[in-house]
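Heads up, there are several structures right after this.
Two complexes follow with subunit A in common, the first pairing it with subunit B and the second with subunit C.
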Partner chain A sequence: MIKSNTTFPTKFDAIVVGAGPAGAASAYVLSKKGFKVLLVDRSREAGSKELYGGRIYLGPLKEVWPDLDKKAPIHRWIKKERASIMGKDGRIITIEYNAGRRTSFTAYLPELVRWMVSKAEEEGTIFVDEVVVDELLTSDGKVVGIRSGPDEIRSDVVIDAEGVNRLLLEKLGLVSGPRPEELALGIKEVLKVRKNEINAQFNVDDDEGVAWILMGDITLGIPGGGFIYTFNETISIGIVIHMANAIRAAEAGAINHSFELVENLRLHPYFNKLWKSSDVIEYGAHLTIEDGLSFMPKRLVYPGLLIVGDAAGLILNTGYTVRGVDFAVYSGKLAAEAVEKALSEKEGATEENLKVYEDMVRKSFMYNELKRHRASKELMKDPEFFTKISRIPLKFFSELYEIDKEVPTAYEAFKNACRSEDSGPLSLMFKLWGMVKKL
Partner chain B sequence: MVRVVVGIKWVPNTQAVRFDPKTGTLMREGVPSIINPPDLSAVEFALKIKERYGGEAIAITMAPPSAVKGLEHVLGMGVDRAVLISDRAFAGADTLATSYVLAEAIKKISRDVGKVDLAVFGQETIDSSTAHIPAQTASWLRWPYVYYVTDLEIKDDKVVVSRVLEDRVEKYELELPSVISVFMESIEARDVRLLHKLRAKIEKPIVVWSNKELKLDPRCIGLKGSPTMVSKITWTLEVPRKKIVYKPKDPEDAARWLISMLLKDEKTSKIFKWVVGG
Partner chain C sequence: MKRLRIEELLQRNVWDVGKKPHIEINMDACGSCESKLCVKLCPAGCYTVVDGKVLFSYEGCLECGTCRTVCPQGAVKWSYPRSGKGVYYRFT
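Presenting the complex of A and B:
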C-alpha cells in the first residue's frame, strides 16, 4: 500500500485557470511541449458547467488536434443552414442553404471539453476539478500563482481561461464589472428526440445536422435571436437576447420571465411539429459576449499572466454565427506558444516577453473577424433594425403570395411593404442598404 | 492516534434514473454515478475524528473502476488514502456478500497497514436503502456497532457514542474497534481542497484490490455468495404531466387558478380538501 505522507511538488511552469475550450487547449499545447502544467476547474467534472448553442467550426480546432474530426465526440456535421424571419401572425420566411463541404459540426460541449482535457492529461497535464480558484496571487506586480481557500500554488506563468464571468481579473482590477451593453443572455433547452425522427423531420442523414437561426418576433422584438441545432438524439433550442435591451424590456413589462421566450419557441406551431414527441431533458442559461472588442481587456498580457478565450473577449457573435469555441481554442494555442517563447528567455514571463501573445492575437484571423464585423454590432443592438428587417420582407411576401384575386407585381408588393413602414421605396432602400453594408 | 476506515458506495444518481414501466426495470444507461450522499456525511465524520485524535482516514469502496472519480473526491476532502475493491468476481453481490468482502478488506488493512480502530459508514444508500451494510460488516468482524450516530468521544480503548432517535439522544459505550453508522442529516460534508486534490492526482494514493489480493472463497462472493432473491418489484406509475401553461397576472391570480385546477380533478380535489380541512 502506498505511503500516505509523501511530499509532492507544488510549483508548476504554468497554471491554467478554467478548463473550458480555451484552458484545455493551452494546457494541452503546453504539456505537449514538455512544460509542467496544472489545469484547475471548479466543475464537478470537466466541462460540466458548459452551456452553449451547438455548432463549432472545425478549422482552428484542427490546428491543435489534427485528428479531432475523427476522434472527438462529434454529433453531426452541419449540412443545412437555415434562417427564418418570424412575424407576429404566423408569417415566416425560411431560407435554406445546403452546404457543399464539412466545415462545422454539432457536439455536446461538456463531452467535447472532457475529450480535450483527457488529451491534455495524456500529455502530462495535472487536472484538478471541483476546486474554485479564489484569487490570482501577485508579488511585486507580477502574477505568481493561485490561491484556493487556504491553499496556494505557484507557477512561472498563469493563463486565465475563466470565461465570460471574469471574477479573478476583476479582483485584480484588470477589468471592470460586467456591463449589460456588452453582454447577452442565452437560454436553452435540450429536447430528446429519436434519431430517425430527427433525420426524417430535418431531411438529413445520420451524421448530418442542421444549424438554424431565427430572427424577428421570436424574441418579441428584443435584439437577439433564436437557434436550433440537431444532435445525435437531441435537438437544442434557445434564445440569445442582448442584455441591456432585455433589461429594458423587462422593466417596461414586455417580458415576464426570459425562459418564456424559449418556451414560446418550443411550443411554436411552426417548429413544434419537428419535435412533437420530445421530452425536455435539460435547460439552462449562460451569459455570453455580445461585443467581443469592447469586452476585451485593455491588455491581454500582464507580468506572469495571459488572458485567453471568452475572458479575453475573443468571441465573434454576428447574429447569424457564433464563434466562441474555436476562438477560445485558438487563443489558448497562441498563448501556449507565447509562453514557450517567454520561458525560453532569461528573464522568463515578463510582460515584454509575453507580449508576443498579444501580437499574435492581433495578427490572427480572430482579431480580423472581430474588426470586420464591428459595424454589425451596432445594428444588432438596435431594436429598430430588428423590427424593420423582419417586417418589410414579411409584408412583401404576404402581398405577393396571400392572394384573393389579383397578383401584384413584385414592385407593387415591395411598394406596399415599404408604405407599411411609413417610408417610400427609395428612401427605405437607401436606409436598408446602409444597414446591410454593416452586416 | 485513530485509524478510521470509511466505506462509500458508488451509486447511480437516482434522481436521474428513470423507470421503464413496460419491463419494470431501472434505466441506468447513461446515468452518471455519484458518491452515495449519506456516505459524504460519513467521510466528514471520519475526517473530524482524524482531526480530533490524529491518525488517518482510509476510504474503501467495492465498485467498478469508474469509482476512482468518487475516491478522488474524498481524497480531495482530506482522506489519506483509498482502497478500490474491484473485480468481476464481486459483481452481483447482495448486502451479505458485499459486507463479507468489506469486512475482509478491513481485516487486510489491519494486517497490512495497522490496526483499524473504527469503521464508519453512511446511514443508508439512495439506490436501495437497506441500511444492512454497517451491521453486517460489524457481524463478520465481530465488532460492536451503533446506528444514527451524531457524535463520539474516544477514551483509551473505548468509545462513547451519541445516537439520535426521533425523540431522544442516547449514549452508548462500546469497545474499540467498532462500527458506526452516521446519522445522515447531522453533518455537512466539506468541500474539496486544492492541495488535497492535487495530492490525489499526483500521488494517486488509491490501491486496487481484486480477489487475487483478498483471496476469498468464490462461493461467498459476488452472485454466488448472495442468497437474496428479489421476488417482485412493484412501482407506482408516473403521472403524465398535463403540460398546461397558465400566465398569471400576479401571485394571487396564480394561486386562485391553481386551486381551481386542483378542485377540478377528482383525485387532487380530495387530497386538497383533506389538507386544507374543508
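Presenting the complex of A and C:
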C-alpha cells in the first residue's frame, strides 16, 4: 500500500520490479544518485516472500552498503565449514574447516531484505508492496513502464528483478518457459533451538555459525544435496534437488513426495541430536538455478529494460559454494550505474546506451565465476557422482576403521572399495581425476 | 521426534490465503497425464490423486514454481497471489 504522506509522481526515472536483494540494491543505488525510483513487490511486507538456503558472502554487499556488517540484522558469522558424504547405512564422512576470518554470515533473508528496502526508502525510493506486476508495457519496441491490474505506471527505464520465475520476461517473449535441466528445487525447514544449545552442539560462540553441506543418500542419490545453517536461535535445514533428475526419480518411483526428503534430514539419527528439543517453526520452498550461464537470457538489456539477479541467471552453485544473494546485490548495483550513464545521454535508455550494463556484467567477477565453474555443472547433474562415486570413500573408511581382527593396508582398503562399486583402482583414479578437474 | 505430515508442516507458517486461486489447471490436459509429476514433486503437497484424478488446492501453495516447471502437459496456468496474499515468510 502507498503511504498516505508520500506524493506519488506520475512518471519515474526507473521502476524496479521485485524487492529482493537485486531489486532493493538497484533501487538504493539509483535513489542515492538522485533518481526518482519506484520499487514494487508482490509481498504483504518487504521480504516476506524471500527464501534461500542461509548463507551470504559479505564482500559484494559491502560495496553497496559499507556499514552492512555493522548495521544489518546479521545472525552468525560462518566459522565452521562442514561437508559430509552420507551413506545408506548411517556411515558418514565429514570434513570440517575452521575459518580464519569472517567472509560470510547467516541472516533471515526476509529481515535482511527489509533492511535493504528501508535503506532505499531513506534515500528516496518509493516502495509499494502488494503489487503483482502483470506485464511490462511496451511502445515501439521499448519497455516504457509496468501494468498491475488497471494501473499503468511509466518510467524511462524498468529494472526486472522478478526472480527465478520469469513470468514477465516470458510474456514479452524474451526468455523461454522454465527448463528442468537448468533448475533445482530447494525445500527448507526452520527449527527453533535455544541459543546456548546451538553454541554447545556446534562448538561455536554466540556470533559464530556453521555452514554444512551434505551429499549422497540424503537426496536418495538424486543430484543435489542437503544443507544445515545455524542462526541466532534457529537452525535451517533443507535439501536441493536438480529438477531434471528429480523428474527422472519421480518417474522411476524412487521419490513419492519431495517434502519427505527434508523430514528425512530432520529425523536422521546422526543429525537429530543436534536439534533434539527443536520445533519446526517455518517450512518453505523456492526454485534455484543449477546452471546460471544457460539460464541467463541471451541479452541482459533491451530498450528501456535491464535484467538483474536470479532473473538474469546470476547465481553460482559449484556444489561446495552457493552464491545468490551477493550476486543479486552486485548485479543490482551494476544495473543502477548503467542506468545513470544511459540517462545522462541525450537519447536516454536506448538499448545501445544500456548495453554498458551487459559489458559490466561480463567483465565482473560474477561472470568470471560462472565461467570458471561451468564444468562443475556437468558433475552436479551427474547421478553417478552422487551414488557410486560417493559410496567409494565410505566403503574405504569402513574397511579401514571397522575392524574385527585384521587391519587392511590403506591400498587394500581402497582396492576393496573400488571393487565394491565394480571399478578397478586405476580406472577409478582416471574417472576421479576427470571429475576433480571439473570442480 | 515424529515425522510431520505436510499439512502439519504447512501449519507452522503464517498464511493469508486469498479467496481466488492464483493457479489454474487445465483439467482436460491434466486428465490425460500418466506421470503426475506434480503430485510427487510439489513441496507443498498441493496436488493429490483421488480416484485416479489429480485434485489441486492452492491454499498451501509456497509459490515456488515447481508445478509449472515439471508439468509435462503444460496444464498449469501459474501466477502469483494478488494483494500480498499467500505465504508470509519470517525466518527463511
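The working rule: the second predicted complex is superposed on the first by the 431 of 439 C-alpha atoms of A that agree within 3 Å, B and C clash if a C-alpha of one lies under 4 Å from a C-alpha of the other, contacts with A are read in each partner's own complex, and residues count from 1 in each chain.
As a working rule, contacts are C-beta pairs under 8 Å (C-beta built on N, C-alpha and C of every residue); 3 or more make two chains touch, one makes a residue touch a chain.
These numbers were taken from a predicted model, which means no experiment stands behind them.
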{"item": "Touching partner for A:L61 - first (subunit B), second (subunit C), both, neither", "value": "neither"}
{"item": "Subunit B versus subunit C as contact partner of A:L39, first or second or both or neither", "value": "neither"}
{"item": "Partner chain(s) touched by A:N256 [first = subunit B, second = subunit C, both, neither]", "value": "both"}
{"item": "Comparison of subunit B and subunit C by subunit A residues contacted", "value": "C"}
{"item": "Which of subunit B and subunit C A:E130 touches, first, second, both or neither", "value": "both"}
{"item": "Partner chain in contact with A:I153 - subunit B first, subunit C second, else both or neither", "value": "first"}
{"item": "Partner chain in contact with A:S236 - subunit B first, subunit C second, else both or neither", "value": "second"}
{"item": "Which of subunit B and subunit C A:L109 touches, first, second, both or neither", "value": "second"}
{"item": "Which superposed partner A:V144 touches (first subunit B, second subunit C, both, neither)", "value": "neither"}
{"item": "Which superposed partner A:L167 touches (first subunit B, second subunit C, both, neither)", "value": "second"}
{"item": "Residues on subunit A lying within both footprints (that of subunit B and that of subunit C)", "value": "45, 129-130, 149, 256, 263, 267"}
{"item": "Contact set on subunit A toward subunit B in their complex", "value": "1-2, 4-6, 8-10, 38, 40, 45, 126-131, 146, 148-151, 153, 256, 260, 263, 267"}
{"item": "Touch list for subunit C against partner subunit A, complex", "value": "1, 3-4, 6, 9-10, 12-13, 16, 35, 37, 40-45, 62-66, 68-70, 78-92"}
{"item": "Residues of subunit A defined as touching subunit C within the complex", "value": "42-45, 47-52, 108-110, 129-130, 132, 149, 164-165, 167, 177-180, 183, 185, 187-190, 231, 234, 236, 243, 246-247, 250-251, 255-259, 263, 266-267, 272, 276, 280-287"}
{"item": "Interface residues, subunit B side, partner subunit A - complex", "value": "32, 56, 69, 73, 76, 80-81, 83, 112-113, 191-195, 197-199, 201-205, 207, 245, 247"}
